[in-house]
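Shared between the two complexes below is chain A, which has chain B as its partner in the first and chain C in the second.
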Partner chain A sequence: FQDQAEQFFRSGHTNNWAVLVCTSRFWFNYRHVANTLSVYRSVKRLGIPDSHIVLMLADDMACNPRNPKPATVFSHKNMELNVYGDDVEVDYRSYEVTVENFLRVLTGRIPPSTPRSKRLLSDDRSNILIYMTGHGGNGFLKFQDSEEITNVELADAFEQMWQKRRYNELLFIIDTCQGASMYERFYSPNIMALASSQVGEDSLSHQPDLGIGVHLMDRYTFYVLEFLEEIHPASQTNMNDLFQVCPKSLCVSTPGHRTDLFQRDPQNVLITDFFGSVRKVEITAETVSLDRGVAGFESKLPEEELATEPLKYAEQLPVAQIIHQKPKQKDWHPPGGFILGLWALIIMVFFKTYGIKHMKHVF
Partner chain B sequence: RSSVTSRYEMLYRSTTGQEEAALAAATAREADAALHPLQDTTLGSLTMYVVPETSSLLPQGINVYVGKHRSALVRAGGSLAALQARLQEVAQVMSFTAGSIAAALSDRVPDGQLSPDARRYLKSSLGYEITFSLLNPDPKSHTVDWDIEGAVNRYVKPVLDKLSLVANFSVDSQILYYAVLGVTPRYDKESSSFLLSTHSLPHVINPVEARLGSSAASLYPVLNFLLYVPERSHSPLYIQDKDGAPVSTNAFHSPRWGGIMVYNVEAPASPHASLPLHVDVDMARVMEVFLAQLRLLFGLSREEVPPEFLLESPGNEGLADWELDHLLWAHTVENIATVSTTLTSLAQLLDKIGNIVIKDDVASEVYRAVASVQSAVTKLSLGHLHAAFQASKEAVTSSERAFFDPSLLHLLYFPDDQKFAIYIPLFLPMAVPILLSLAKIVRETRLRKKEPTKMD
Partner chain C sequence: MAAPLVLVVLAAVTVRAALYRSSLAVFIAERVEVASPLNAWKRVVEGLALLDLGVSPYSGAIFHETPLIIYLFHFLIEYAELVFMITDVLTAIALYLAIQDFNKVVFKKQKLLIELDKYAPDVAELIQTPMEMHYIPLKVALFYLLNPYTVMSCVAKSTCAINNSVIAFFILATIKGSAFLSAVFLALATYQSLYPLTLFAPALLYLLQRQFIPIKLKSKSFWLYTMQYASLYLCSLVVIICLSFFLLNSWDFIPSVYGFILSVPDLTPNIGLFWYFFAEMFEHFSLFFVCVFQINVFFYTIPLAIKLKEHPVFFMFVQLAIISIFKSYPTVGDVALYMAFLPVWSHLYRFLRNIFMLSCVLIFCSFLFPVLWHLWIYAGSANSNFYYAITLTFNIGQILLISDYFYAFLRREYYLTHGLHLTRQDGTEAMLVLK
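For the complex of A and B:
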């Protein structure tokens, strides 16, 4: 029993968070949304509540006009498994999924008006699972077909999280082409990373469904999901088994993983340390003895004066200030460095070539 | 590298006449009550009275009596050195030890050097939100009434008022119907009751958590206290500890989350009583457990005290004054460590990314944080606990506001190959005639230089 107790405390985390990101839009990228929703479903089934999941979907497939089965997102052909379900809670949807918002969620530099469901409120005892899927390349991941996040930015964001101790351990899974390039640059401790393919390889999709007309899942995530379906909240399966998922024969690409930054041996890391939410509990052995005869308590501290009249909505905002704010004068800086040198070179060559006497024609 | 050193300042004097009179009381508790008005009650100070070895004030076998304010009665024993060692021990128990300070700094101490207990206390925060929830999975059989407002006013508010020095607390409550635990309890024939074993407890919390609504609460850490009234078909329900015996409190807690207590309803006298049964919850019994759990979540456990110590129960106040000091010492150290890490990492970030613009208010927050943390460190070294704690709280607020300011996002990384890819198509065609003209100029000047020699 002592061993089990040791095991209990070995991971050192008290809560679990998950950040699941799908970065592609358009109907033909249905499989990326299905990937993300399948991981979301597994993570919820294993115990992480919605309040601890930040789900970012770049496009709406369930209510897409091209979806022949509205309000569903299937992950298996013949429409066997609807991963959309009744209780999906999407925190960042559609155009809100941007590199900036993603980095804001990770680093915590969020405007104060952001609701709690859109924040990652992790602390130094949180294990975080980050899953990203979409189209990627060597060193970058494409967001919404208009911008990219590079592996350096991602590594820096994780370092910012580490500096502020916003995670205890972090598991990063990415399912894109050349996914291994995204974890090459990590340098913060306690990060374990998995990718669906190596640099130079493409991650392939699994199976098209002829009824819906698009590919439903990516291979790597499909096999990871099959693996996760076997896991229940009390299982003792460890990370080494997850590394074996989807060998080259099934996946065509070679999945990769990185554990050098992780302090514990992957053998000792349970799948449920990241995908589930198993809490440490202790029996309460003490009680406080209370004197039951005490009547209603008058607070000893002076109470703050309450506002006597309710504020009107407009009065809460400094409206006068906002309306009459003059636009700030942008300071003019003389051009420096490279641009200055370039223009100097151009002008010098111009006048040398054509001669000074032409200057009066120019001016 | 940073380190924490500590010292105790001890002042010795003989007792005054009033104190002698107070110490002539019959029991230690009365003596303590009589001595209380004669003491210095600033935060962080302790008063210890050394009574003769043969004194009857302390019961047999007890060498130290710790009162509920900031004083202790210590029995003199043997040599002066032994007495000094004992006084040191008392001072450590009542304020801070190396272990408690290391636990406060647990996220900065490398893994493996700390006991697992060190990770479980609530982190120092500016406020906490406490939610009391009543779970009734079987409203057809039980109509449960709990006077939570009255209980909070009578039992919880005194404790929170005492803790108001540490943080702001807000309390809310709710009742959830048809909320079941995630685990099916086992029926035990011998005791004809249902049992929940220890290793199934971790799985109890998750299905309930989704319904607790903690995402609607404030941004402060939320402490959930759940009172579960088992269904009629699963009554009575007891929690088993690891030896198989039922737990006396019938409650368990999870670090940094909260606690759950199972409240069994007595079976009705006659089997044909009409359903639903009306249940009036005994709030005092419930609050005894919840307040104990609250203490444990904050790290105020009385388990590690040596057996020769007698600790006075703090009664309705929930925690003794010296326990409050204990919490404040730990939180002040934790706050100062947090601020120094935050400011250091902010400075490193700004060094690394040279073109981040620092707004004026961010700069002023940083200055304020630095000034506050310096003042906190000075005051802490002098032992002015209250002032040091307030300064450390201000430092934390300012440094967090500066670090998490939304304007400090750096999206300006351009890898080298991207720079080439953007500038070359723009400048290469432009550069071709320029370079050719440069070459022409160089050739002409060389020819002109040679010409004078030719003409001669």
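For the complex of A and C:
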């Protein structure tokens, strides 16, 4: 019973979110889209609903004109596993996957017109999984072949999330070349990070498929997917097992991880704390009567303080007053000393040229 | 002579006033050939507006005028058109008086040399007579006032007109012989745009000639006079710069004005040679080439001083032309100033070799500038190379014009002392070439 209670209080989260980002476009980066879709599939299978997943794919491989099997994205050779399926909901597609949009999703600074499916509506009891894949280098990750996000930006975005209480715990997985450089700069608490390769190493892709003509997946995500296929919502597998996935013999690169910012021991962190959406259900035998305190609750608020209509956003700022203010005109005048000096010089030049004797004619 | 001058002035003022009221004024004011980042009127207005809002006009790279211009236009900004028209008129009157005096000097010198028998016997047709020299000052004023370049520069309200007028007064003071006034005006001209510094040499040579001090490096009186003039010039420059400090209580104007002129950061196309070259250049070469281009302006002073030490006013003309060709942000206003001097050397006409070609080149290029600008910027069917080609051709035309006049001048001087019909040692006719 003690064990079960401990288990219950092990993780403080009440909901799970996932932000899955593929940053590369063009047909030959098929594997990055397949990577992201594999993680999406696992995460959805383990219980996180589409409303809690923000899926950002920079290109459309399933309907790419070069795809010999349209409407499919395969993650294993011999076309064993179609990770695209019928119910894939892509939230940010194609050119919408930009550094700016990604950072806005993370920090929540989104224009009011953004639909719910494009928002990360996490709170301070959310565990968030962030998976990124694409082409990267030492300290940066390339978006769309035209811009980059740096590790410093990412670390600052996570700090903003922490200060705005947007996560309880965060798991950051990155599968790019020199991926470990992306988590070097994190400084916010409760972040655990995994990367597919160390600084100076390249992450390699798995096998190419001769039917489709491109590499289907990257090695690290391939073995992570294999690992995740074994997980079901009730498994007790912990993070230490995830750290063992894809040793150097299989992956060629050395996967890395970072747990120093994380409060709990990785031994006690379940895979389903991040990849699944396991709700804590407390079964209680006693009945709780709810209508007792409701009336007393209502009378606490005085009538005047209740707003009769909701305040519009614009009314909070006294825009009308600011617009109709006349700008204050400050007229500049040259300093007296300057005018005096200038005219003294001019008069001196005049009299030097024409002689002092003319002075008495002038005055 | 006053009446025709007044007529010319009236005509010029009418033309300018008519253009101010027409729709062409806006079009001309925007043309890059007329308004450069240094002297555009838009920037003066912007700078004064910034000052009214309590910000230093030199913050940001908009305003590159000197504090004295700020002071001048602070009170005169409503009458800007009048100011520019009066400036042009003053320039023309200054040039008129200067050339009148210069003609007297030339004539006196000519008389002296004839009496001393320094001229060869058969050069009677080369000697300038007072009759033909009588109308030269009027022609100079006419050339300046009714030159389309000057008119456009005035209508665009470019402060180049003020610089021209200061240089014209400097020339007047030098020719009248007043070293003090000449130093003061030269200091003002240098203070506004850096390049009139090179006019120090011809002015010095002229004043030395006027004082009958021989130009020998060993002569003590030469060095004494040079030191006096140089110290007058430098002192007035220092005084003006220090005074400008007191206008805004900051030295901001020095990097904004002189740093801007010397380091050429703004590469807006103009009729000069700097913009295209530096637009194409890699960063780490640009310092070297900026230095090379700037040295190019100042470089011709010493050799020309050595060659033309007997003829300082011609030297001044050539120097003015070199400044307006090689300066960092030339405009047609600068071109107009040295073109005003061309009537003074109209007696060289028979020795000019390419004058027809060159005048055609200059006129065609002036018409092609707006055409190719339109093709490049608005129609999009040309690129900057087209405009640069016309810039290059225009500058080549100007350089050839100056070297043609230089050749003609030297040839005439040679003929004067050696006779018109030159023969070689074996009796056949010889030909003079400029090597």
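For the reader, a short list of remarks on this structure follows.
Going forward, the second predicted complex is superposed on the first by the 283 of 363 C-alpha atoms of A that agree within 3 Å, B and C clash if a C-alpha of one lies under 4 Å from a C-alpha of the other, contacts with A are read in each partner's own complex, and residues count from 1 in each chain.
Note that in this section a contact is a pair of C-beta atoms (placed from the backbone, for glycine too) under 8 Å apart; a residue touches a chain by one contact, two chains touch by 3 or more.
Just so we're clear, the structure is a prediction, and the values are computed from it rather than from any experiment.
When the two complexes are overlaid on their common chain A, residue A:331 makes contact with chain C while staying clear of chain B.
Which of chain B and chain C touches more residues of chain A is settled by the count: it is B.
Contact with both chain B and chain C is seen for A:353 once the two complexes are overlaid on the shared chain. When both complexes are overlaid on chain A, the residue A:282 reaches chain B alone and has no touch with chain C.
In the superposed pair of complexes, A:113 makes contact with neither chain B nor chain C.
In the overlay built on the shared chain, the residue A:160 is in contact with chain B alone; chain C does not reach it.
By the touch criterion defined above, A:345 lies against chain B and chain C together after alignment on the C-alpha atoms of chain A. Once the two complexes are laid over each other on the shared chain, residue contacts for A:249 go to neither chain B nor chain C. Residues 342, 345, 349, 352-353 of chain A lie in contact with chain B in one complex and with chain C in the other. Chain contact summary for the complex, chain A toward chain C: residues 329-335, 337-339, 341-342, 345, 349, 352-353. Touching chain A in their complex are the following residues of chain B: 106-107, 111, 116, 119-120, 123, 150, 153-155, 157-158, 161, 164, 198-199, 201-203, 205-207, 209-210, 214-217, 219, 239, 241-242, 247-249, 251-257, 259, 261, 284, 287-289, 291-293, 295-296, 301-302, 313-316, 318, 341-342, 345, 348-349, 403-411, 413, 415, 427, 434, 437-438, 440-441. The residues of chain A lying in touch with chain B in their complex are 1, 4, 9, 12, 14-15, 47-51, 99-100, 103-104, 107-111, 116-117, 119, 121, 123-125, 139, 150, 152-153, 156, 160, 163-165, 233-234, 263, 277-292, 294-297, 299-301, 342, 345-346, 349, 352-353. Those residues of chain C that touch chain A in the complex are listed here as 51-54, 68, 70-71, 74, 178, 180-181, 184, 239, 243, 246-247, 249.
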